[in-house]
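Next up, some structures in structure tokens.
Two complexes come next, and they have one chain in common, subunit A, joined by subunit B in the first and subunit C in the second.
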Partner chain A sequence: MNILVCFTTTPEVEMLTDEDWVIDKNLQIDTSFLKPTLDSYDESALEIALKLFDASENIKVPLELNALTIAGSGANIILKTLKALRFKRVVRIDSHEDLRFRPMAVASVLTQYVLKHAPLDVLLLGRQTSIGENTRTHLLVAEMLGWPCITQAIRIELVDRNHLVVTHQMDDGRLRQRIQTPCVLSIGDAPNTYMRVPTLKDRLRSGKRPIEILSIKDFQLSDETEELIDLEVIHHRRAGILIEGKSPEEKARKLYEGHLKGSVPVQER
Partner chain B sequence: MIFKGILNGCASNIVAQAEELNGFIREHLSCGDNVGSTIFFYSKKEEKNALLGLVPTESAELIRVARYQPENILKALETVENAEKADLYLFPSGFAGSEIAVRWAYRMKGSCLVQVKQIECSGAQLIAKKTVYANHVLGTFKLTQKPFCISLAKGSADSQAIAVRDKLIVTEHDLTGPQKDQFIKHSKWIPTETTKDLAAATFLIIGGRGMHTKENTQNLKKIADALGADFGVSRPVAMSAWTPMHRMIGVSGAMTNPEVCIVAGVSGAAAFYAGIEKSKTIVAINTDIRAPIIKAADVAVIDDYKAVMAELAKIILD
Partner chain C sequence: MSLKREQIAEALKKIVGEDHVVTDEQVLKESSVDRFRRFEAYHGVYRLPLPAAVVNVNSTKDVAAVIKFANENKINVVPRTGASATEGGLETALENSIVVDGSGMNKIISIDTYNMQATVQCGASLQELDDRLREQGYTTGHSPQSKPLAQLGGLVATRSIGQFSTLYGGIEDMVVGLEAVFPDGGVTRIKNVPRRAAGPDIRQVIIGNEGALCYITEVTVKIFKYFPESNKFLGYTLNTMKTGFEILREVMVNGYRPSVARLYDAEDGSYHFSHFAEGKCVMIFVAEGVKPIADATAAAIEEIVAAYDECEQVDPKLIERWFAHLNWDPANLAEEKTEIIETKNVCNTTEISGNWSIINDIYEVCMQRVKNEVPDLTLLGAHSSHSYLNGTNLYFVYFYNVVDCRPEEELTKYHLAIKKIIVEETIKAGGSMCHHHGVGKHRTQWIEAEYGSSYYILKKLKSAFDPNGIMNMGTIIPLEK
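What follows is the complex of A and B.
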């Protein structure tokens, strides 16, 4: 089974201070000084793929992991980590395009890549990126490929070369389904999927395998059907009154007497 | 504008879906020449009459399907729906709403935006607003290709109970015949652990990554239980499996509006804060005065949450 994980690197915007949230006339926010990190849902997708690889070795089902990102060279550090973690092909489609709000364009590039590099059986993607919050790319790729799509996957088990068992979150519960590939799977809030760290030995072993670099210019980018016309920073501000005191006990008493007494329901005992 | 709401009656949260849609329609589409109808997908025959009491528009289409499965729902829509006759399709917040909205828009060559907070009709365009940048920024988008397909953001409108209608135009379709969902070989519903709906909590205690361990998480929950408060957690706690996922607060979890919300060891990421911003009083307890939650709270205590909460519990229980 050939699995392709498509991921995004993103600036860790929670590190920005209030003063950093400045929107320029081109509707850009300068995050260039932030280190690129894996988007959290994509991190889960990568770790779930690695767990499938572990399982494939145990049940002797051949499985190949591939990873793809559309990004500048800043993503290379993550691609090197993935190489060390036993991803066979790690590919970066070199791009400096503003793809924040262009899920159609991203989906069209991924679709062209999948069709050109067949046979791929499973596409794994995080459900959304934190910057664009588009929540559409995986669904659009499925539509463009004509593949079925399961969203909000939280656990994937390997059955054989052509079948997986996918547990996914629904609005009112969970569904566990045995499915046949090919398919697109998007990863939701999957617990215990922080990505593992490769050992130095892993890194040394993978050192000579190259990162494949392609150019975005070799792909046709589909147009969007909607256009961003404005961005406005949301400020979350309240009084922020600090409770002073010499000990936690004193602060707790002041908190209760000054702000919670009468508001907190008293339990009948 | 001709609009259509599309609701998943196969899910047990159908009342919440309908009341959310009703609230959004009343807020954004109740004036002008807007004409609306509602499409319900459902599977259990015996639930049909109950659905007829949940129609937020003048007319309804009931489409019976074997079960909710996106590929089949889309095929059913293609069978019964003429998208040229609709300007706007509205889908509820939640996973099903978003996944169908995106794929339906693609198939109908329309425009799409998910998790939308507000809309404004402007001639042949639709202006829609949604949060971006991990909930730090509100983006305004222009949609130009009809049909516009949008799913609502959680909390985008105040839910409104559905008024009983004297006259309701109902059309029915039965599409329960054999389906070609060949890629699914076996399916099993897994009941998940349920708790009191956190969205309805009046007194909420929430623990964050600052709890550091599962044991500390359980201890804070015990304090919440003793005080009669509901207990929630931030996303990193749920992702570490220190509690079940249904306790997660924020855009990925419950959106709450309690009278009192005490957040302990939570940094206050914007996506989390969206889940508590409607609280009447927010109390933050954190060792880091620079944590974003401090300025976003009404009252803050800079100290170890364990000592503060233990004393606070003692005071309240005494």
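What follows is the complex of A and C.
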């Protein structure tokens, strides 16, 4: 089974101070001085792929891991880590375009890559990035490929060369399905998926294998049916009440008496 | 006859009141360790003797009464405030210890901007004190990475140092006066004066005692005028640590005092600066103070560095933003816990110091030996973060995957194995095995080698001030069985 994990690097926006949140006319903030990092959903996708690799060794199903990102050279550090973690091919499609709000373009590039580098059986993607947040790329790429897509996947088990069992989160519960490849799986809020860390020896061993670098110019950015016209910031604000008190006990009492009493269960002591 | 744990708890309740004595088993377990054994603790493994109780003290009088009781009954006392210790100093090495928690003594007693000093209780939060001062245009000048967690009593007890030490000094340079309780229950106050030559500087008996001689209840520290608007950030990439040490030395011996002078090797740098300095060493300076001084300091450093061809200057914003997120708060600790449990990838550190002539040799031999001798490393690097006229420190940072061992074997297999190499190589070269974390309980085996013939003085201090051996036994000086 050949798995391709597609991931995005995003700037570590936690490093921004309040003064840095200056939004320009294109609704951009300057993140050029921030460290690139993996989004949590993409990190989960990569770790789930590694867990599948572990499982494949136990049940003797041949499995190959590949990783792909569309990014500038800042992503190389993550690709090097993936190399050391047993990803066979790590590919960067070199691009400095702002693709945050162009899911159709991203999906078209991924589709072209998958078709050109067949056979790939499973496409794993994080469900969204912290920038952009369009939650559409996985659906669009599945549609373009004509593959089934399962969203909000939180656990994937390897069955055999052509089958997986996928657990995915739904509004009212979790659904566990046996599915046949090829498929696109969009990874949701998956527990226990911090990405593992390669040892220095792993890094040394994988050091000579190159990162494959392709150019975005070699792909068709097919999103002419969509045009970004405007962006609007939505301020999520909720009313708040500041509880004053001389001690934590007094504040807790006021919180309980004034706001929680009757609405939360009280444990008998 | 020694008291049983229930008797100890009952007696303590009579002294400080029932509400201030905690005997909940989980609290006792968590109070038997500090961050040194956090991997075990994250896995619910607690192997040390549980304390008989944790006592939350609210006044110097409480502290005096509890310690006097402990002394009369020969019960080990572990003083604690912010509980951010990393070297086992808060571990309860003996059965039925009393953990005396001073975090409730958290008042900022006075801020005296005329005499430029602030007086606080031991449990006062450094973050809160510094925030209060900065609102008024002042600062403590003390900013360890644990600033959001640490409290003044613990900071003084461990001879803490902050990120701006090159200008403001370590905590030992900041403390003006103190109040402390000694094992007989006596309260000692050292007055706040600019300087005196009335015998030895007895503040230094208390500063850095790690709770092994007395309990610090009140601290007076210097305060400084704060001019953040003049701050100048400088960053450079370079090829070798050797060059970096030379530049740091040149800055220091020429009398410049940037508040920050840091040098990262390529490995440690990759953790922080991969976005602009992959595979390179990184050197950082911050010049601060009144504008003419900050400007002159920055200009002089730029001139010094310009003479080294291998140094390339980077956008100061890269440094400024990185610096703003260096400290650890409770959210970082919670995240670290989850990450460690899931990935079994643990970070630990060992900090040493040495004169300019030996520091690069220590760096090179430690890096080589640790890499060759310790398995499962995922990162091994070092940085210098505190420089002096005659030398600098090295802060070794190492991450490893805990593989094929139980939680209780992690320290021996990895952290202590690495620490042993670093400590022994440092002492052999003539450096100091502890720069700013304190000795705690896991570097005591080398304390005689660290002190040499002056160990006599340290031993005498312990036997003179703590004749019954009740103050944080096993810290600084090893337990003798």
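Definition applied: the second predicted complex is superposed on the first by the 222 of 269 C-alpha atoms of A that agree within 3 Å, B and C clash if a C-alpha of one lies under 4 Å from a C-alpha of the other, contacts with A are read in each partner's own complex, and residues count from 1 in each chain.
The rule we apply is simple: contacts are C-beta pairs under 8 Å (C-beta built on N, C-alpha and C of every residue); 3 or more make two chains touch, one makes a residue touch a chain.
Bear in mind that the values here come from a model prediction, so they are computed numbers and not experimental data.
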Subunit B versus subunit C as contact partner of A:248, first or second or both or neither: first
Touching partner for A:192 - first (subunit B), second (subunit C), both, neither: both
Which superposed partner A:237 touches (first subunit B, second subunit C, both, neither): first
Which superposed partner A:180 touches (first subunit B, second subunit C, both, neither): first
Contacts of A:143 with subunit B and subunit C, given as first, second, both or neither: first
Partner chain(s) touched by A:23 [first = subunit B, second = subunit C, both, neither]: first
Subunit B or subunit C, by number of subunit A residues touched: B
Contacts of A:14 with subunit B and subunit C, given as first, second, both or neither: both
Subunit B versus subunit C as contact partner of A:117, first or second or both or neither: neither
Partner chain in contact with A:205 - subunit B first, subunit C second, else both or neither: neither
Contacts on subunit A seen with subunit B and repeated with subunit C across the two complexes: 14, 16, 192-194
Subunit B residues within the subunit A interface of the complex: 8, 11-13, 68, 70-71, 94-96, 98-99, 102-103, 105-107, 110-115, 127-128, 130-145, 181-192, 202-203, 226-228, 235, 238-241, 245, 248, 252-253, 259-260, 267-271, 273, 277, 280-283, 289, 292, 294-304, 307-309, 311-312, 315-317
Residues of subunit A defined as touching subunit C within the complex: 14-17, 20, 33-36, 74, 76-77, 192-201
Subunit A-touching residues of subunit C, taken from the complex the two chains share: 270, 272-276, 278, 315, 317-318, 321-322, 324-325, 338-339, 342-343, 345, 371, 376-380, 399-401
Touching residues (chain side subunit A, partner subunit B) in the complex: 13-14, 16, 18, 21, 23, 29, 40, 100-101, 130-136, 139-140, 142-143, 148-149, 151-152, 154, 163, 167, 169-181, 183, 188-194, 225-234, 236-243, 247-249, 251-253, 255-256, 258-260, 263-267, 269
